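Chain IDs A, B, C, D, E and F follow the sequence of writing; residue 1 opens each chain.
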Amino acid sequence: MGTSSIESTYLQIRSMEVRGAGRIARAAVSALRDYCDKGKFSSTRDLYRGLSAAGERLKSARPTAVSLPNAVNYVLAAAGRSEAKGGQVREATKEIVAACDGFISESLKATKVIGEYGAKRIADGDVIMTHCNSEAVTAVIAAAHGARKRFEVIATETRPRFQGRITAAALAKLGVDVTLIPDTAVRVHMRRVDMVIVGADAITANGAVVNKIGTSQVALAAHERKARFYVAAETYKLSPATMLGELVEIEQRSPYEVVPKAWAKSNSKVKVANPAFDVTPPEYIDLLITERGLYPPQGMVFLMKELYGEARAPLA
Amino acid sequence: MGTSSIESTYLQIRSMEVRGAGRIARAAVSALRDYCDKGKFSSTRDLYRGLSAAGERLKSARPTAVSLPNAVNYVLAAAGRSEAKGGQVREATKEIVAACDGFISESLKATKVIGEYGAKRIADGDVIMTHCNSEAVTAVIAAAHGARKRFEVIATETRPRFQGRITAAALAKLGVDVTLIPDTAVRVHMRRVDMVIVGADAITANGAVVNKIGTSQVALAAHERKARFYVAAETYKLSPATMLGELVEIEQRSPYEVVPKAWAKSNSKVKVANPAFDVTPPEYIDLLITERGLYPPQGMVFLMKELYGEARAPLA
Amino acid sequence: MGTSSIESTYLQIRSMEVRGAGRIARAAVSALRDYCDKGKFSSTRDLYRGLSAAGERLKSARPTAVSLPNAVNYVLAAAGRSEAKGGQVREATKEIVAACDGFISESLKATKVIGEYGAKRIADGDVIMTHCNSEAVTAVIAAAHGARKRFEVIATETRPRFQGRITAAALAKLGVDVTLIPDTAVRVHMRRVDMVIVGADAITANGAVVNKIGTSQVALAAHERKARFYVAAETYKLSPATMLGELVEIEQRSPYEVVPKAWAKSNSKVKVANPAFDVTPPEYIDLLITERGLYPPQGMVFLMKELYGEARAPLA
Amino acid sequence: MGTSSIESTYLQIRSMEVRGAGRIARAAVSALRDYCDKGKFSSTRDLYRGLSAAGERLKSARPTAVSLPNAVNYVLAAAGRSEAKGGQVREATKEIVAACDGFISESLKATKVIGEYGAKRIADGDVIMTHCNSEAVTAVIAAAHGARKRFEVIATETRPRFQGRITAAALAKLGVDVTLIPDTAVRVHMRRVDMVIVGADAITANGAVVNKIGTSQVALAAHERKARFYVAAETYKLSPATMLGELVEIEQRSPYEVVPKAWAKSNSKVKVANPAFDVTPPEYIDLLITERGLYPPQGMVFLMKELYGEARAPLA
Amino acid sequence: MGTSSIESTYLQIRSMEVRGAGRIARAAVSALRDYCDKGKFSSTRDLYRGLSAAGERLKSARPTAVSLPNAVNYVLAAAGRSEAKGGQVREATKEIVAACDGFISESLKATKVIGEYGAKRIADGDVIMTHCNSEAVTAVIAAAHGARKRFEVIATETRPRFQGRITAAALAKLGVDVTLIPDTAVRVHMRRVDMVIVGADAITANGAVVNKIGTSQVALAAHERKARFYVAAETYKLSPATMLGELVEIEQRSPYEVVPKAWAKSNSKVKVANPAFDVTPPEYIDLLITERGLYPPQGMVFLMKELYGEARAPLA
Amino acid sequence: MGTSSIESTYLQIRSMEVRGAGRIARAAVSALRDYCDKGKFSSTRDLYRGLSAAGERLKSARPTAVSLPNAVNYVLAAAGRSEAKGGQVREATKEIVAACDGFISESLKATKVIGEYGAKRIADGDVIMTHCNSEAVTAVIAAAHGARKRFEVIATETRPRFQGRITAAALAKLGVDVTLIPDTAVRVHMRRVDMVIVGADAITANGAVVNKIGTSQVALAAHERKARFYVAAETYKLSPATMLGELVEIEQRSPYEVVPKAWAKSNSKVKVANPAFDVTPPEYIDLLITERGLYPPQGMVFLMKELYGEARAPLA
């Protein structure tokens, strides 16, 4: 039955049995689809209310996962449209189920689509810089490599956790010409870079991009030389809460990622700062590559509204 | 005797018995002083020629050490002025010896003087960022701390060799409030930085500064927010050869400073770039703090000429 | 009856019995609501035509008040949607009345909502600059203060009419830590400013903001140091006419606001310029805070279309 | 019959009997209108499929003409909306025919509308620079001149093909005060320019504008001095394919446009580059003036979606 | 006798019987000239020492007047050159007296010379903006007006003390076409400004200019539109102490210059900031117009050394 | 005899029998050398006065040739130094003749020296853009090519007189890889340019460079992408008069260089502007390459003073 599916999915997300931004989103939508498909509703209003409550329950499973409310709101937006039309429950149910199926199928192929769109931006002879390790960026580069384009990649090591080594190793395995550099050498290498591509952890209402620490200074160095700066990201990275003024909080991580414990002990008066993310402002971003197409950063707010409905805050 | 002093100094510099930019400079000047003081010369022209030959010998001991030709040229410039006056040998000798003594005594206190000048630029409440590890910068911060100013220092770790840890540890030992950050976190922290101070490996004719890799992107981030950017450097870091068009070569260092050998082996297709220095352009530098006073970067070329005579290339 | 309500409202607005951007807007919508609710219409087309004529009458009451056409067009856009659906008059009437009620209720709480959204952008320790005196800005600051955030405000005096004194006095009364400065001291203080918030008199199709003279140079100084620049404004400040190429005219006010009459007389050859507003270009604006959420300036044109329908010019 | 109209129009476009961006677009829409009006369809789905196939046939007539797919997609978007409503064929047909009629009538007056909108941006005393020869720009200037505004135009000669001479001659004939300058003199004259207006060959998803070679450096020079930079273009210049990552290819033209053949022969080792277009980035564009109103460049992607439906790539 | 002249001048400067930057400088030089001319000295070394002590005495009369140490150091630099030559006392005396006479005569005509140099930069049709009230700027404008050039001046009112009214009144009396504007209207008017000319209170080692509050934001607005920005200043405004790291202190003035006392009392919780000066960075200054000729700001440090000798700090 | 040599040189320069900046300079110096060598003078003062009068005569031959007063002033500066020393006429004569010989020999090899210095700035793989046709630039490129460096040159055609064709042809003849482009294609090609090198017609006191029309927009495009921008110029291009405020006048040339006469006639209402030069501001110039070494533009004023003595204007 619909409701029990909601509850079990709630538990799976809460216990982190289901995890990863994409998987969480699909599990939630699947549960709402079942709820809708199997439930009995006296009116479209009744259907909408039920879905709304089920959605709230699901969202509460992991309040900080950005893709979870997006997935739920996507379904509610579809339900809202059906209700507004004021037709019959059966028809509305069919529309909502179709929207859920659409979401799941889109989500499953989103990264692949981003790869295909992004690969078209790469030309023979290009020098591409990337930072950290992003599935979407790897998809773009792999697709371009698969299309037999000849280009070169520069990967930053991405201190403190060296995720750039993972990127470099993976690309080298694909046969891509890749060079690893220390983060201090970004500006020196930017001179011959044609484009930078990075991923995103979250995208805000004004098109700013939250991503791994160091991203914004790569963007600054690209901007200095007018190298193009692209962000590749699935649309469930959009953060509609920022439309209501919410700031994205930047996590501080352990100092022991930056210095060895022994060093820290013998230099106990030295403080260590280790922010996990930074914010790249929209004026340093040329394009966002999403599975819905390419957009300028200033367009993200409309994609938010289109996909997840208008965010509106209840007044106290 | 003068000549033997030249030869023994030549050998000491060549064998690296004498090393360090300041020590090399003083050894060379000291040898030229002896040569001048103890030698017998029939005319000021004769004296100048002798010194010139002795200087060439000394310079050949380590052709890449930037302070060595500067030291020699400083003495030759003094000798040139004496010769131009066309007076007597005795007088000329006295003038040159005085110039040598002056150079040595200035050089010995240069870092201390830079510390005193630089400390005046620091005000209570300032947040200061530094990169890598520089004797001159440490002198500035120590002097400000000694003057009981209350400020905070942010030190970058300075990949790949982590020299920033040395800076942080040393300042903490002095009692300075210091925070160590990964190089990726420079732009995030720049928001609250009032001034950046770094050292220099070499200073060129148009006021560009060659320094540890990463310096130029710290400068770029400072420029973005209009934080002041200071370079603290003794004048023997000036590179008069750049007046004649010479480019400063940037050394590529071992990949094993960037990745562990094991990783490199299992990822042998990943190239690693490890440039030792970068070049900060003059438009990102507010002031150079030297033992001769504070100068805008565009003034360095005249300090070169003043100290080391006019560089002129022989035509083929 | 509906029509007489239109006529009486027309007179009230014309005679300035009703004034203030928000009040004018609500009076017009209320009159159209009555017209629609109480009238008799043979078809949705008939209803739409009647409303359209009533709206034109209302707009003519004060052709220069920016909120008046916005309010009328909001209702007409709702009516247009109803007509397009081609349903029955009764249903259409209900929809339009609901839209009117929605507009009025939104308008009544718009400033409060802006306050709540904007307050979330303020963090403990922030230094905020503001210019002139704006209800929306005061709402943001009051809400942040009410949420027990600890921050500091710098208010410019805003020559020639010193409206900044009103702002400073009001905020001080609330208990906010506030400093008043001459307009000449904006750049000096910007060094420690985290964000600027100002209001708006009108917002154009490309996201430029018309506001009290001096706003655009505060924005320029903020841009120089990358301090965030926010505009807080209700959506009835949007100027859809600018989509059709209209330029916003800048009023020149009396010289006696700038110099005393006596001075003007004894220096009669000195001309005095006293423009009331200036235009801040979108590239200096980070975010607009509206009661509909936060938007980048480049998004304003879509909010115009969404709220007030597509502006189309009749061709001659 | 409908189908034969498609085929004959296909042949007319293919043989270039019909040419010019606007004429091609109208011919295609007219053929689809006939197809729809005269055909017999069993369901709205059937109607949509038929139109879709007809549209593909038409598009294949000249795959590189940007206005052709836009025109077809405009009709398909209307058909899609009708189908989605799931009503009756007769109603759907009426809606689609109306959309076609709307497109044709809009297209016929688009340039004139642009002229009227754009003319409002010109004030007495303005100095306007233009580059190359554009129908839309001429419409704007002619409309402003017709409205008895007094202004001055500076036209670049637009090497290598001197299209600026055509512009200058045409404007002079209208009685406009016009000065022709070499392309090398753009920056010198920009000092007194208030606004630049140019046309467009294509407009991309992030608001970049493809136009005659030299446009982007006029834009750069305007940006340096903050002269306003406007692009006047009909919406069929929008390139929705760029939403899917497509790059706009820049044609290389014959070297003999740049140097005489005789010179080329006697200097056969000198290569000659002659790109036909360049790309002006959105940050150098203040406004786009279209027949749908004025937009910031970042808004173009939404106009694309609104007019031509959401571009979606089929996955392999 | 020389010494008594030193003492009486010391007292006149100290008691402010002699005041004004130029007059103080000339009084000090005149006293040193007498000291030198009338004294009896056994050697050039003796002469130099005597002058040095006399100079220190004079400087101590008003430690914060920037022209006083400059005047004294100018004489000492001349004495130093004489001593270095090692000639006879009589000759040295003559040289120093000549230097003193030169200084006094140059100083007397400095403002006039600046006026003549600066006037050449003004062309017919220019629009010139100025801020505050400066003798040197008035000299430039008067000279250009005297040369029958036709131009327009925009004078800012210069809050809080309205010195701009003095400028406007004075220029209007000369017959210059002058407009007074509030400080908030600077950016709006900058659009048609060709050049800005301001005076200086002090000029630092890196070419930054300390001047009346508001100057640096006029410079910023000029920089935004690439209007030329000139500083007209006599060379005794140079601050050689800044070569040794000294920061120029910015005075905070009374709040009652900003708000009436009554207002301050009834709003006692509102703080008022009233800094007297600000610092314009060299990158916003095109040229300094001095009586020694026109220089880029980065050249000021060499003019300091040339005129006042090398500033060197004694080490503790 | 000396005087007759002055007179005959005066006539040769006036009649343009002697022309070209370098040749004029050398002829004038040679005449002054003869005057000095062959004349009879009672004192160094007498000698100086004679030279001074002879120099004025020579300068009057072509008042607008920038190298002529420089050459004369160079000799007068040497004479001034001799006079200041107050030695004997014979010695002074020798010194002045030596200075003249030095000037002539330096001048003869200046272009070659510039070539050698400049060539060092070029590295294998560089892409170099140049504008117009400059002997000094050709010397740099030829020297680099002679040193077997492998690089590519892009030459702009340089409308209206196509001097870029001369450059392209000459370089191709040397075997250099060269591409000719229309001036409209500068920004498009700048993307892959490493450095720009241009010549100069005159260099001003603040380091601005007057050169062929179009130079400043090449500089702007280089600045946008941070390509280095070098100016190669002999020091007799320095314009010391600009130290005294003189503006460099920009010649307007014939419209028939821009359009054919026939076109001009049939379009007689079209005005044509054809300025010969433009001014590149110092902030767009990285280095000036002179035969005296490499300098930042802000250093030019000191090179002026060093070479040609302090420019001082006589007061009316």
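Please note the rule applied: a contact is a pair of C-beta atoms (placed from the backbone, for glycine too) under 8 Å apart; a residue touches a chain by one contact, two chains touch by 3 or more.
Model, not experiment: these values are computed from the prediction.
Any chain bridging chain A and chain B, meaning touching each of them, is among C, F; the list is complete. Compared on C-beta pairs in contact, E-F and B-C come out with E-F as the pair having more.
For the touching copies chain B and chain F, the fraction of interface residue numbers used by both falls below half; the interface is of the different-residue type. Looking across D-E, C-E or B-E, the pair that copies the A-B interface, with over half of its contact pairs the same by residue number, is C-E.
Chain B and chain D have centres, each the mean of its CA atoms, that are 58 Å apart.
Chain centres here are Cα averages; for chain A and chain F they lie 58 Å apart.
In this assembly, the C-alpha centroid of chain A lies 34 Å from the C-alpha centroid of chain D. Counting partner chains per residue, chain B shows two or more touched chains at residues 224, 283, 296-299, 302.
The full set of touching chain pairs reads A-B, A-C, A-D, A-F, B-C, B-E, B-F, C-D, C-E, D-E, D-F, E-F. The residues of chain E lying in touch with chain C in their complex are 154, 157-160, 165, 168-169, 172-173, 177-189, 212-214, 216-217, 220-221, 224, 250, 258-259, 263, 267, 269-275, 278. Note for the complex: chain A touches chain D at residues 109, 112-113, 116-121, 123, 283, 286-287, 289, 292-299, 302. Looking at the complex, you find that chain F touches chain E at residues 205-207, 242-247, 281-283, 296-299, 301-302, 310-313, 315-316. For chain E in complex with chain D, the touching residues are 191, 224-226.
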